[in-house]
Structures are given as structure tokens and as C-alpha cells.
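Okay, so subunit A shows up in both of these, paired with subunit B first and subunit C after.
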Partner chain A sequence: MAGDLITILFNAMIWAMATFLVASGLTLVFGILHVLNFSHGGFFMIGGYVAYTVLSTFGAEIPLWAYLAAALVASVAMGGTGIAVDTLVFRRLKSVDGVYVLIATYALLLVCDGVVKLIWGLNYLSVSPPRELLDVLFLGGAIMPTFSIFVVVSGVVVFLALDVVINRTSAGRILQVIAVDPWMAGIVGINVSSVYRWTVITGFALAGLAGGLLVANQSLSPDLAGIFILQAFGVVIVGGMGSVRGAFVASIFLGLVEALSATYLPNYPGVLFFATIALVLIVRPEGLLSRQATS
Partner chain B sequence: MSIARVRPAVFLPLLALLVAGALIVPHVANRGVVFLGGVVAINVVFGIAFNLAFAKAGILSFGNAMFFAVGAYCAGYLVTQQNHLPFVVILLAAAGCGGLLALVTGLLALRRASGVYFAVITLAVGALVHVLIMKLDFLGRNDGLIGVNRPIIDFGFFDLDLARGDAYYYFIVASCALLVTLMWVLWSNRFGRSLQALKSDPMRASFLGIDIDRKRLIALVLSGSITALAGAIYAPWAQIVTPELAHWSFSTMPLLFTLLGGSAFFLGPAVGAILFGLLEYATRSLVGISDLLVGGLLLAVVLSVPGGVLGLLATLLARFRASSSPQREERA
Partner chain C sequence: MTGISRRGVIAGLGATTLAAPFINRRAFAQSGDAIRIGVVTALSGPQEFIGNFVLAGCQIAVDQINAAGGVLGRQLALEIRDDRANPAEASAAARELIGLGANLQIGTISSSVALAMGPLMTQEGGVVITCGAGTEKLNHENYNEHVFRPGDGPYMRMRAQARLMAERQPDVTSWTGLVPDHEYGRTTWAVYVDGLLQFYPEIAKADPDILDPIIVPYGAGDYRTFVTQAARSKAQGIYNSTYGGDSVTLFQQAKPFQLFKDRVLMDSANEFIVAGALKGDTPGHWTGIHWYHETNKGNPLSDQLYADYVKKTGNTQPMGWVSEAHAGIYAYAKAIEKSGKSDTDAVIAGLKGLEWDTATGKRLMRAEDNQAIKDVELIYIEAGASGPLGYKVTDYVKVDGNTVIEPPTPGEPMKLRKPS
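Then we have the complex of A and B:
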């Protein structure tokens, strides 16, 4: 029984941190630019494929440093793509109704799908976890693969890093100012458009990083973007749009929902998840934790 | 951009032209193209029903696939399991199911959220419907419903066998033309104008005595039930109903048609659906290119021609008229 409970909690944390890794960049960009970016899932997916390409030079045995380096390469590549997307798309949509922005980012997602299908094809590709992380730990009857522990730790580290930057540094304070009132921030001498650019770069780099870190967590296919973007949307919405802390808490909450439904309703995967999101949205459309929104 | 009015003198000839074009297809093209033609006709209804709520009432739904799928599944289930029912009753049942789903969604979400938030709620509800459809035994789970035969309509004095030849294609063209006409009436009459008023200035509209929440709810229910009807007409045409119809990526199709053609125009989604059909046909064998093309096109439209193809034509026409009119020459 204790083993079951630990297994459920552990599975919840794996789901939660994998989803948080994707959702962190999404919620950051939404908090500052107020752009709900459908294409985030697409750039996450491309990040995964980039890491796959880098890692395929190492053969079957991948050292941990190479795995991390590949994630970094994916992150830098997507951050660079972020500059292009910001210039070509986001800046030109500043004065447009939010509905059209949503549609434009969906179009970008389709472009990402097309790029992946053209370059990497339709087949499922997979990467094995780094050779240092192929072990399994036993804890009170629960089985914990070390790679899954790595995913959980990565999520927590990314959260702590973001939280420190947003709440403990001057750059973070500027971000909070712009999130509240960009016009006033411009008046007091903050270069708002440069902050916007760096936010997009960071958001996209986080998507690439998530793609690289999670590349061995699931197989790669052009469906990956759609699966993760819905999960990440759920986390961002339930956590209160734009809040990094909210997204972190919401990812754990929804991870528990997902793990419980996988254990007790194994024939209906996803039903409880989407029902929970719909319920939360209907009861509190602004999200569960919006009052404590940090950015 | 202001919403363009469509006068009967303009609309009826255009509709006749579209119907005539659709009727020629079986005589000049092969069966594959005829099938695509039927799908495009259904997509025209799918798109205009979406735009009725979007352009007129300002409701962005990312869940229209669920209405379409509910209609298709309702028709598919009744045709395969309860085939003694007349087809017209089946169609009405499908429209009722779609309307009911829209009513529930609207009652729960429309008052609390608008714009992007409402879009995301419909996305979540649509995902829930998709998962449920994939898991329900009587709806065939992942495989969907197969063998949805084209029905025979009993008129009492004679039977209309829609399974024979291209009969069902003509049935699609006729029923879609009927639905488009119905939506044109809704678009142009007092109800449509009151929707437009509440979209452009909700506060003033409510001062004028328009019950905003009620009107928006009615608009969503109408859009949902007409979309479900389109789905119900689609089921016997494809003869198979699969869960992909309820997938959220399918919800973005009417959006695509609308923006491509021009959301300010009643026939904008129709133009978009036809253009998209041609585009899909031209790129059908190229893996990856079609996504790239559709995505790039949609992006280009949103970024540079937000009025869509018809908006662009209208602008060019206005410019042409201005440059060729004598008044302009006098001023110059």
C-alpha cells in the first residue's frame, strides 16, 4: 500500500516536472507579452529533434555530459529561433486583437509540424537515457528509474532558477514592472521592447531546453507538440496565466490528477485531466492561483 | 474592418453560381474529386457556422470540432443501429445534440470568460469530448463507427435512394445550399444586426435593451447545431466516423477557412473552404509540405492581409474605382 502511494506520487512528479519544463517558457511569455503561444509546443518538439540529431553521433552509449550538452545546443538553437519569431511575428502583432495572435501562433505550430516532417520524417525516433542514468532505485516497494529522477530534478532546478531570477534580481523586478504596466515602465526609462525580446528568447530557450532534457523521456514523433502543448496549456491556465509559481504548483496538482486517474481509471486516460481543467476554468476562469501571480 | 452586408441581389446569384459549379463537378471529374467536392461543400457550412459566432457575436471557439464530431457520431450511430428511423429525424437529432452541447458549454463558460479565455475553455471541453469518444464502447472507441450507409429517404409516394451513384453528392449540395441560405438570413436579419451591435459596443448595446448574454448564447447554440448538422451530413458521405473528427486540430479548420476568405464577409469562409480544398488537392502527395503551406499561408494572411482574400479584393476594387473615377481627376 505504501509502495502504491509512493509510486503514484513519483509518477505524479515525473508528469508534473516534464510538463512544467514545457510550461515554464509558455507562462513566462504569456506573463510579459500576453501572447498565448500555441507554437511553444512546436519549438519544444524541434528542440527534442535537434538534441536527437546531436546525440545520434554518440551511438548507443550516451555519456551524461553529452546529453546535457545536447540539451544546451537545443536551447541555444531555439533561443536564436526566438529572435526570428519575435521580429517576424510577435512584434507585428502588437496592436492586433488577442484572438488573431492566438491564430497566428497556431499557424506557427503548423509550420513547426511541417518542418519536423520534412527534416526528420514521420517515423518514431527514440534516444536512450545517458549511460549513468540507466539504473533503478527501490524505495519502499516503489521502482524509480534514475532517469525519471533526473527529469524531476531538472524541473525543480529550472523552477528554482526562474523563481530566483524573477523575485531576487533587478532584472526580475523590471519584468514584474512590465507585467503590471508596460506603458508606465516605458515612462520611467525601461527599454520595454528590449525586455520583450529577451523574454521571448528566454521562453524559446526554455522550450528548447525542455525538448533536449526530455528527449529520452518519450519517443519523438510529429505528434509530440500537440500532446505537450495541451498539457502545458492546462498547467498554465490552472496556475493562473503568466505565473511561474502558479504553473509549478498547478503542474504538481494536475500531475496528481493524472497519476491517480492512471491508477484508478486506467481505461479512461485523460478524462479526469480534461474534466479537472474544464471544471477549474468554469469555477475560476482566471486560474486557481492568480492572486499570487508573480509575473 | 466593418462587417459587410450581403444584399439578396448579390447573395442569391453568388449562391446560384456556387451551386452550379458544384453540380458540374460530377460530370467533369473522377470519383476522388467528387468526394472532395462533397467535403468542400460541407466545409463551407462548417466555416460559415463558425464565422456566424466569430464575426457576428465575437465568440472565438476552438472547440467546433466537438460539435461536428457529435453530429457525425450521432448520425453514424443512428444510421448503423437504428436504421428504421427516417434520415430527416436522424439529422434533426444530430442538430439537437450539437445544440445541447453548445448550450451546456455556453451556459457554463460564455458568461464567465470571453476572447482568448473562452477559446481555451472550448479547447479543454473539446479535448474532453475527444477523449470520451475514444473510450466509449458504443461509439467504437479508437476505431470509430464503420459502415455508415447512405440512406434511402421515404417521401411516401416515392423513395429517394441516396446510395445510388452520385445521389448523395447532390443531396449534400442541396442541403448545404439550404443551410447557407438559412445562415444568410440569420446574418442579415434583426437578430444578426443585434449580434453585431453587441460585439462592437457591448455596453451601448445593453443600454439599447439587448440581452447580451442571451443573444451570445443563442448565437453559440445556432453555430453548434448547424455545425453538428454538417457533421451528420458528412457521416454517410465518408461512410466512416473516426475520433479524429473530434481532435482539437480539426477545430482550427473553420478558423482557417474564415481567415483565408475574410471573416468580415458572409461568403468569406466559403471562399476559404474552396481555396483550401484546391490547395489540399494540389499538395496531397507531399508529406510535410502541406502543413508548411497551410501554416505559412495562415501566418501570411494574419500578418499581412487580415481581411482575407475577399478583403484584399475589396480593397483593390475600391482603389481601382477611386483611381478611375472622374472626381479624383478633377482634384488632381
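Then we have the complex of A and C:
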């Protein structure tokens, strides 16, 4: 019984932190720029492929430092891509209706899909976890792979870093000001345009980092963009659009829902997940922790 | 930026959907005298990976037939369209091609597309040969005389797999399944169970213990909860009918749990997909395959298909869908020769009861339900090759299709044994 409970909690945390890693950049960009970036999953996917390319030079046994370095390379590569996307796409969409933004970011997703097919092809690919993370730990009858623990720790570290930056630094306070009233922020001398750019860079870098950190967690294919993005959108909506803390809390909440559902309603996978999202939207449409509440 | 309204979102998605059929169309040149064959297959979208094998198989077959003088003195020409594995897009493309004179069509991979083709072909006066569409309804509830399946149906494939296990693993009597949460996934498990219930008592002289299958979501990023359930099960054998990237992710996440270490793993249809991705991490497993060139070495059609495929693509590990499309084009050619004409009624008459040579040996297109009888091919893959593949095929078998196929019952649902 204790083993069952630990297994459920552990599986919930893995789901939660993997999803949070993907959702963090999505919610950051939405919170500041109010852009619902459909293409976020695409850049997460390319981040994974970039890390795969770096790691394929190490053969079957990958050292942990190389794994982390590959995730960093993916993050930097996607951050750089964010500059291009901001210049070519986001800045041109500032004064148009939101639907055009949706179409533009959906088009970007198709571009990501094409880039992956062009460079890496259609074959399914995979990466082994780093050699230091191939073991398992046993806790009260529960089996805990060390790579899964790594995913959980990565999610927590990324959350803490973002939370500290947003809530404990002057840069974070500027971000919060712009999120609430960019016009007034401009009046008082804040370079809003520059903050927007750095937000996009950070959001894209987080997508790349997630791709790199999770590259050994699942298969790589052009379908990858869609696999996490649906649950990431769920987390962002339930947490409160634009709230990093909300996304973190929501990912744990929905992770628990998902793990309990898989354990006790095994014949109806996913049903409880979507029912919970619907229920939260009815009862608390602003999400568990709206941006106003967290700021 | 202005706000995002719900109406705006719906309008945007609607516009995108409407624009989709006009993307990704390709046409190949053809001569006026040529017999046109429409290839409607997935060249983008979730089944693009398979669609490329189908297209290559069609092109190789047409090149081979044309180089040998064509059919009744006429060349074959392909008209190619992308269906994105979407019934609506496939229907639009199929109608357009029939309008262009390509009444003979091939390439359907998706079951939902295959089921949509029957009424359409009846209405428009065409005929279609599927290339891997797995639904059993094709030759049962939704049987339509305009749709032909030249490959093994799920009844044959899964029962052949169960038969092999009864022969090779008579002591492995307790089974569970990793079954994707869609109708076809549940059907594959039900048919496999039917095979276990027939062949274990007959061959292994043992009653199988059928455990509840583990239903897994389609297209998920995390399967650990389901892996945990399977690892705790007392099953000695696991039947996997998850597919593609889902299987790769599931197998990858199952490794630390040693789920497959002391269990027999029978995989429904991943061919080389899982092994190609996991390489040296591939767990030993049996898998169904439409065609494996080593199994068919010495068959001139197989040897030539393999040589032409490698020359065309540079890929030395083709998937079996190449051969399904290749066999389909040859079926058309033989049916036209048999009936002397290429109009729809003549070709349907020619296909029914047709016996023809393919890369996997002789096949018979059963006249009653348009289902081919062919040998079912299974291979055993495990890690350990020293080359870039990282895996190797260490065993392969053919199961006589006649021993595992159901009697023809077009229009009626499949009848299966159930565990007591």
C-alpha cells in the first residue's frame, strides 16, 4: 500500500516536472507579451533534436556533464532563434488582432516541423540517459529510476530559478510592471521593447532547455511537438495564464490527477485529466493562481 | 497586441483547416496512353513516415513493370496525392483523381481512410487497394467490393503471433497486453487473445491465463505509470500493440524497470521502428512485418525489390510497407491482364480470386471478402550488432496464412473466443 502511494506520487512528480519544463517558457511569454505561442512545442522539439545531435558524438555511453552541456547548447540555440522569431514575427504582430497571432504561431509550428524533417528526417530517434543515471532506487516497494529523479530535480530547479528572478530581483519587478501596464512602464522610462525581446529569448531558451533535458525521456520524431504541448497548455490554463507559480502548482495538481487516473481508472486514460481542466475552468476560470494573484 | 477572442480562435483554426487540402499536392508526368493509377497516401502528417515507403513501393513496381513492356502494351503512370491520413482529404483527392481518369487507386494506410473509401468508390466508380490499413471491418462489417486488401489483416497477423508463441514458448502461459486506447488497439488484443485461447490448448497442451490488458493513452510523453502496472503483473508474456513513437517512448521508459528482462515480448506491427530508434537499447522482441527481405531471399521479386529500393533510397533496412504497395501495383497489372481492360468493373472482376506473385511469395485475393491470403512474416530483433544499426534480426519465420485466416464473412462482425 505504501509502495503504491509512493509510486503514484513519484509518477505524478515526473509527469508534473516534465510538463512544467515545457510549460514554463510558454507561460512566461504569454504572461508578458500576451502571445499564446502555438509554436512553443516546435521549438521544444528542435531543442531535443539539437541535443540529440550533440550527444550522438558520444556514442552509447553519455557522461552526465555532456548531457547537461547538450541541454545548454539546445537552450542557447533556441534563445538565438527567439531573437529571429521576435524580429521577424512577434514585433510585426503587435497591433493586429489576436487571431492573426494564433495563425502566425501555428505557421511557425509548421516551419519547425519542416525544419526537423529536412535536417533530421522522419525516422524515430532516441537518446540513452547519461551513464550516471541508469540505476534505480527502491523506496518502500516503489521503483525510482535515477533519470526520473533527475527530471524531477530539473523541474524544481528551473522553477526556483524563475521564481527568484521574477519575484526577488529588480528585473523581475520590471517584468511584472510591464505585464500589468506596458504603456505606463514606457512612460516611466522602462525600455519595454528590450524587455519584450529578452522575454522572448528567455521563453525560447526555456523551450530549448526542456528539449535538451528531456531528450532521453521520450522518442524523438516530428510528432514530438504535439505530445507535450497539449498537457503544457492544460497546465498553463489551470495554473492561471501567465503565472509561473501557477503553472508549477497546476503541473503537480494535474500530475496527481493523471497518476491517480492511470492507477484507478486504467480503462479511461486521459479522461480525468480533461474533465479536471473543464471543472477548473467552470469553478475558477482565472486559474488556480492568476497572474494578478501572484504578482 | 489586442486580445484573443474565442470567435477569433475558431475563425483562425477554420481557415487553417480549409487551406490544408490545397497543400502538399504532387503530380507526376504521364502519357496520354498510359494507365493511370492514383496513389492517395500519407505524405505529410502523422503517417508520413509510412507513406514514403508506400510511395517508393509503388514507384519501384511501376518502373519494373514499365521496363518489362507495361501492361497489355500500355505503360503505367502514377498520379500522387497526399491524404494526410485524413478521411476528408483522402476523399477529396480520390474524387479528383477519378475525375482525371485514375479510377484505379492505391496507398491507403489509415483504417479510417480505408473505411471511407468504400462508399466513395461505389459512388464514383473507382477501386482502391489498401497498403497496411489494419481494421478488421474492411472485410467484415464494412465490406465493400470496391476495396481490396492485399496484405495480412489483423485476424491473420495476431493469430499467427499467438500460434508462434504456442509453438516456441509453450511454458509462457500468462499474458497481458500494452494496448493503446483506441478501437484498433483493443481489437488487436482481442484477436491475439483469441489466438492464445485456440493455439495454447491445441499446440502447447496448456490453458492460457489471460490477464487484464493495460490500456495506455495514445501519443503521451510519459508511460511510467503503465510500465509500473505491467512490471507488477504476474504475466510471463506481454503483447504490445502501441505503435511508432509511443512504443519507442514506452520501451525507453520501461528499461530501468527491467519490464522485458524476464518476459517474452510480442509486438504487433512496429517492424524496425522501435529497433531503429533504440538501437543497442532494443529489448529482444518478436514483431510482425509485412516483408523482410532476408526471409524471402531467393524469391526474384523480393531480391529485385530490395536491390531497387536500396538503389533508389540508399536505405538498407526497408520497412514492409514497400512490399505492400509493390504487391498492390502488381495485383492491378495482373488483374488488367486477366480481364483485358482497365475499367473499374473489369479490374474488380480481375482482382477477385486473383493469384499473383509478390515479394513475399504467392498471394490469393479471396473473392468472397477481398482479403488476401498470404504468409504472415514475423522476425525476432535484439540488441547487439556491432555496426551502426546496434540491433540485429536473429530469427524469422513465415506462418502459413491458410492456418490463421478466418472464414470469409463479409458484412458480419468478426467472431472471437473470449477468456472465461
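In this section, the second predicted complex is superposed on the first by the 290 of 295 C-alpha atoms of A that agree within 3 Å, B and C clash if a C-alpha of one lies under 4 Å from a C-alpha of the other, contacts with A are read in each partner's own complex, and residues count from 1 in each chain.
Assume a contact is a pair of C-beta atoms (placed from the backbone, for glycine too) under 8 Å apart; a residue touches a chain by one contact, two chains touch by 3 or more.
Since this is a predicted model, take the numbers as computed values, not measurements.
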{"item": "When subunit B and subunit C are modelled together on subunit A, clash or fit", "value": "clash"}
{"item": "Subunit B versus subunit C as contact partner of A:G234, first or second or both or neither", "value": "first"}
{"item": "Contacts of A:V96 with subunit B and subunit C, given as first, second, both or neither", "value": "both"}
{"item": "Partner chain in contact with A:A278 - subunit B first, subunit C second, else both or neither", "value": "first"}
{"item": "Subunit B versus subunit C as contact partner of A:L36, first or second or both or neither", "value": "both"}
{"item": "First, second, both or neither for A:S148, with subunit B first and subunit C second", "value": "second"}
{"item": "Which of subunit B and subunit C A:L118 touches, first, second, both or neither", "value": "first"}
{"item": "Which superposed partner A:Y106 touches (first subunit B, second subunit C, both, neither)", "value": "both"}
{"item": "Touched partner set for A:P269, first subunit B, second subunit C, both or neither", "value": "both"}
{"item": "Subunit A residues touched by each partner, larger count belonging to subunit B or subunit C", "value": "C"}
{"item": "Location of subunit C clashes with subunit B - one stretch out of 109-117, 199-207, 253-261 or 343-351", "value": "109-117"}
{"item": "Subunit B and subunit C contact sites that coincide on subunit A, given as residue numbers", "value": "36, 93, 96-100, 102-103, 106, 117, 122, 226, 267-270"}
{"item": "Residues of subunit C that touch subunit A when the two form their complex", "value": "1-5, 8-9, 11-13, 15-16, 46, 48-49, 52, 181, 214-217, 219-222, 224-226, 228-229, 231, 244-246, 248-249, 252-253, 256-257, 273-274, 276-281, 390"}
{"item": "Interface residues, subunit A side, partner subunit C - complex", "value": "7-8, 11, 14-15, 18-19, 33-36, 60, 93-103, 106, 117, 122-126, 128, 134-136, 143, 145-148, 214, 216-224, 226-228, 231, 258-259, 262-263, 266-270"}
{"item": "For the subunit B and subunit A complex, residues of the former touching the latter", "value": "60, 108-109, 112-113, 115-117, 119-121, 123-125, 127-128, 131-132, 135, 248-249, 252, 255, 259, 287-299, 302-303, 306"}
{"item": "Residues of subunit A touching subunit B in the complex", "value": "36, 89, 92-93, 96-100, 102-104, 106-118, 121-122, 226, 230, 233-234, 237, 267-271, 274-275, 277-278, 281-282, 285"}
